[in-house]
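Everything below concerns the one structure shown next.
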Amino acid sequence: MSDLYQTDLLRMAAAADGAGRLDEPRVSATLDNPLCGDRVTMDIRLDGDRVAALAHETKACVVCQAASAVIARHAGGLTAEALAAELGAVDALLKGEAAGAGHWAELDVFRPVARVKSRHACVRLPFRALEAAFKAAKAS
Amino acid sequence: MAFDVAAIRAQFPILDPAAHGRPLHYLDNGATAQMPQAVLDAVIRHETRHRANVKRSVHFLAEAATEAYDQARDAMAAYVNAAGADEIVFTSGCTAAINLVAHSFGALLKPGDEVVFSTLEHHSNIVPWHMLAKRAGVVVKAIPVTAEGRLDLAALPKVIGPRCKLVAVTHVSNVTGAETDVAALVAAARAVGAKVLLDGAQRAPHGPIDVAALGVDFYAFSGHKMFGPNGIGVLWGRGELLARMPPFLGGGEMITRVTLEETSFAEPPRRFEAGTPPIAQAVGMAAAARWIESVDQEAAHAHLQKLTARLLDGLDGMKKVRVIGPTGLQARFPVVSFAVEGAHPHDICQMLDEDGVALRGGHHCAQPLMAAFGVTGTTRASLALYNDAGDIDALLAGLDRTIRRLTA
Amino acid sequence: MAFDVAAIRAQFPILDPAAHGRPLHYLDNGATAQMPQAVLDAVIRHETRHRANVKRSVHFLAEAATEAYDQARDAMAAYVNAAGADEIVFTSGCTAAINLVAHSFGALLKPGDEVVFSTLEHHSNIVPWHMLAKRAGVVVKAIPVTAEGRLDLAALPKVIGPRCKLVAVTHVSNVTGAETDVAALVAAARAVGAKVLLDGAQRAPHGPIDVAALGVDFYAFSGHKMFGPNGIGVLWGRGELLARMPPFLGGGEMITRVTLEETSFAEPPRRFEAGTPPIAQAVGMAAAARWIESVDQEAAHAHLQKLTARLLDGLDGMKKVRVIGPTGLQARFPVVSFAVEGAHPHDICQMLDEDGVALRGGHHCAQPLMAAFGVTGTTRASLALYNDAGDIDALLAGLDRTIRRLTA
Amino acid sequence: MSDLYQTDLLRMAAAADGAGRLDEPRVSATLDNPLCGDRVTMDIRLDGDRVAALAHETKACVVCQAASAVIARHAGGLTAEALAAELGAVDALLKGEAAGAGHWAELDVFRPVARVKSRHACVRLPFRALEAAFKAAKAS
């Protein structure tokens, strides 16, 4: 399973794009991974239905950190629909299928996680936290 | 193609004629069915190759154990035709499954709300409701039975009233073998907005179940009665209903976060599976489901109908014997109870044991039904697909001798 | 005589070097311990020779199954030194056992009564009390921990007050390995008339227990952590206490009489064992207890102390590693948790899995303890008597490599 | 197990000594065998601490019927202490031990039940019901 911890993934986690908190005004969502206690908080500020600013606090493993970093890289202008499509691509990868064209190239680093079911939730947690933040924004 | 009962029997080590140094005609399958080698092998393989706790660790054994447990859930979802694996809650048995509903669904009820069961029920589907009644002021009512030991459908409108929230009834009686007319029951329940729970303990061994077609809300059954291990059962629940129910047992695996002051709970099915689940048992139960599915269902059904007819015919010819329950083959499963004038079921069973015929005598955990029939117990033969004509004939011959001895 | 760990290992099929096509250093025994051939054989023998339901039928298989189940109860009574077999309640696991107490003993409590647990507890010994608090207005309090991950005994007088009815604490921590000073706890509880429950999940694998000497009132543990099957656990309870407790689950076997309107209940332990019990699992758990008893206890203890020392020494030499819990051998069991600066437990476990080292990372179902230590999780090695120096060395070597890689 | 149903036992059950109910005044106790639903009711009238009259309703198997009949045969003048001694003898027999001297000779028919644990309760039920009746008398 060494390929799970390929250099690209470790670098992405270390880069920690978007780490931190946003100032108010912001909408936030915090999600736990109940099995390991990991926790991701996503802060966003929206411009219409698009992300204008995003920051995250990711107290988690490198796999989850890398996922948060990937999201942060692509956050500008992101919509809830586009996020859902990316999560769909992630889920395809985790099933060992092709992600389909047009998705974030960095998602590829998560391909080796497919074999390790217990870690799927680590990749998905930041996506789900951002999903929750979008929902919270809509509700408010 | 003829049903090859010898080939089936050969898969059950305990039925090996040499195993006990005496004959064995095992007709107590309603209590516990025997285990085929395929199920035993699945359990052994799991314990010797994939044993670990599930969902908690990331090493390769834990991955394998988790995968096995998830696949078991998938297999059980397929067996009952659930909308998804998340509708399958593993419990320690049918009794535990019904208690789960009594607590978790019961927590949604208010004093004065009604739960309807029937006079036909196994104690497992009565006592939890009595306890709920005491705990929460819920009112229990019972659907009466007909002289044939079936639900008295004519009474439904009277028993299932506007405050009824749940109708909890057996799918197949463990005493009479009668199959419940589920459609009529569901219609009556739906008319007042009540949910329906079926106790499938006696139905589950006889092939896949279609909860979607049945149109019910909960379905409970045990592994050990369907050729699987002890200590495992399934509660199937409609997804949106499970989602509304609070947890029952508290512990590891069913939480999202715990502090010293409070706990927040996970989604179903995890919410209802506190602590380390019965992993090897789930693997075994799934193997049992697959084993049942591997048998030609129609041929098995025909085989059991034939044996049931042979048994009913034989009993019909005996003076002093009264069948408790349907005497025909319509809408019934191969469970046959009878009373013998002047002879006690335990004495009958004990004497038949001398011939290696394993029956069950007593109230069968269905005392209200016994009361309805005016007996304290019956003698019961319950068949599984490995039974053959020799088993039935041994029963009939032994019974004849026994009656003569006990009622001389 | 030297402890022959190779001879012990040879009894565990899953540890066979050829079993997985890769090395296995199984150090996740705190989650689930592996099963020796003797236990597996006992289960197989039961399923293929004595399988039947218990207490319900009089045929020879049922007699054999009932005898096996009764003997399993006797064996567990001996294992914990109970006053009698009737004090042993078989449950589906440690979690279920604690939930039983939370419901049945909990039913005797009044709003405002207090239950005391500790910050050290596994969720299984926290969540049931949270749920009881919500259900019945009982107040929960927690004994804090020391920097070493032990109960802070100095706090006992403050936490255990006059309204305290139950002190429910772990016997051995599943995170730090710390052994509870039971005498101090019992003294504090007795001073206010409270009962004491010990969660023995992590203690039970390490040899017989003497509840009489401990002076407690309840003792709960699981089969799968003591080399036995899944889906089985034991609640030992003081006889006069069990006798006063109402039942928890309702169903067959736990009644004296059921009518449509009400139920009357049997004496303990039957009152607490609704439905078909985990029979084969009880047989397996008893076989596991006997297997443990067959090992030289002192030698096993010395062996595990030596391995624990080797592990603690190795960790002590590593920068960035902090042991969470006692760093000495005094009053501790072979469970060792540690945190690595800049590396997440799951990443550590995953990388060590490449070397076949099976650890557990995460909160270990002890989130309040994690919060007390200011971490979200730890990496844990938990040892059983089949572990050897090779296992420890593989862990230490792999950890060294992993830390360099993850914190570069 | 044919010896369990020896002729003596079947005869004793059929004789049904003491079957029926007592008229008032009487003290009664009813006990169930929860495993089979069998039920024994013992009615007694006491003279001091000794049984002056006894009747029983035994809805049960022949083993239990025989036990009720044996008790009825020896009921006259029986005390609670003497009953306890007889139950002790029964328990010894059921454990496969000797009953000891001086006990009711008819108890011997229950010796073959020792091997069949599930039926021990059938022998004991009438004894326990009578025990309960003695207790009820004392309490009233």
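Order of writing sets the labels: A, B, C and D. Residues in every chain begin at 1.
Following the convention adopted for this analysis, a residue touches a chain if its C-beta (ideal position, glycine included) is under 8 Å from a C-beta of that chain, and two chains touch if they have at least 3 such contacts.
None of the values given here were measured: they were computed from a predicted structure.
Q: Farthest from chain C by Cα centre, which chain is it? Let me know.
A: When every chain centre is compared against chain C, the largest gap points to D.
Q: Between chain A and chain B, what distance separates the C-alpha centroids? Give it in angstrom.
A: 45
Q: Measure off the straight-line distance from the CA centroid of chain A to the CA centroid of chain D, and report it in whole Å.
A: Here the centre of chain D sits 76 Å away from the centre of chain A.
Q: Rounded to the nearest whole Å, what is the centre-to-centre distance of chain B and chain C, using the mean of the C-alpha atoms as each centre?
A: 31
Q: Could you list which residues of chain C touch at least two other chains?
A: Residue numbers touching two or more other chains: 56-58, 62, 255, 257, 346, 350, 353, 361-362, 367.
Q: Among the residues of chain A, pick out those that touch two or more other chains and give their numbers.
A: 35, 37, 116, 119 - these are the residues of chain A that touch more than one other chain.
Q: Could you run through all the chain pairs that touch each other?
A: All chain pairs meeting the touch criterion are A-B, A-C, B-C, B-D, C-D.
Q: Quick one: in the complex, what on chain C touches chain A?
A: Per the stated touch rule, the residues are 344-347, 350-351, 353-354, 361-363, 367, 370, 376-377, 405-406, 408.
Q: For chain A, which residues are in contact with chain B within the complex?
A: 32, 34-35, 37, 116-119
Q: So in the complex, the part of chain B that touches chain A is made up of which residues?
A: 55-58, 62-63, 66-67, 70, 255-257, 266, 270
Q: Contact residues on chain A for chain C in the complex?
A: Listed in rising order, the residues are 1-2, 4-5, 10, 35-39, 59-63, 116, 119, 122.
Q: Which residues of chain C touch chain B once you look at their complex with the stated criterion?
A: 13-14, 19-20, 22, 24, 26, 28, 31-32, 34-35, 40, 43-44, 47-49, 51-53, 56-62, 92-96, 98-99, 102, 119, 122-124, 126-131, 140, 142, 222, 224, 229-232, 247, 249-255, 257-263, 274-281, 346, 349-350, 352-353, 356-362, 365, 367-368, 371
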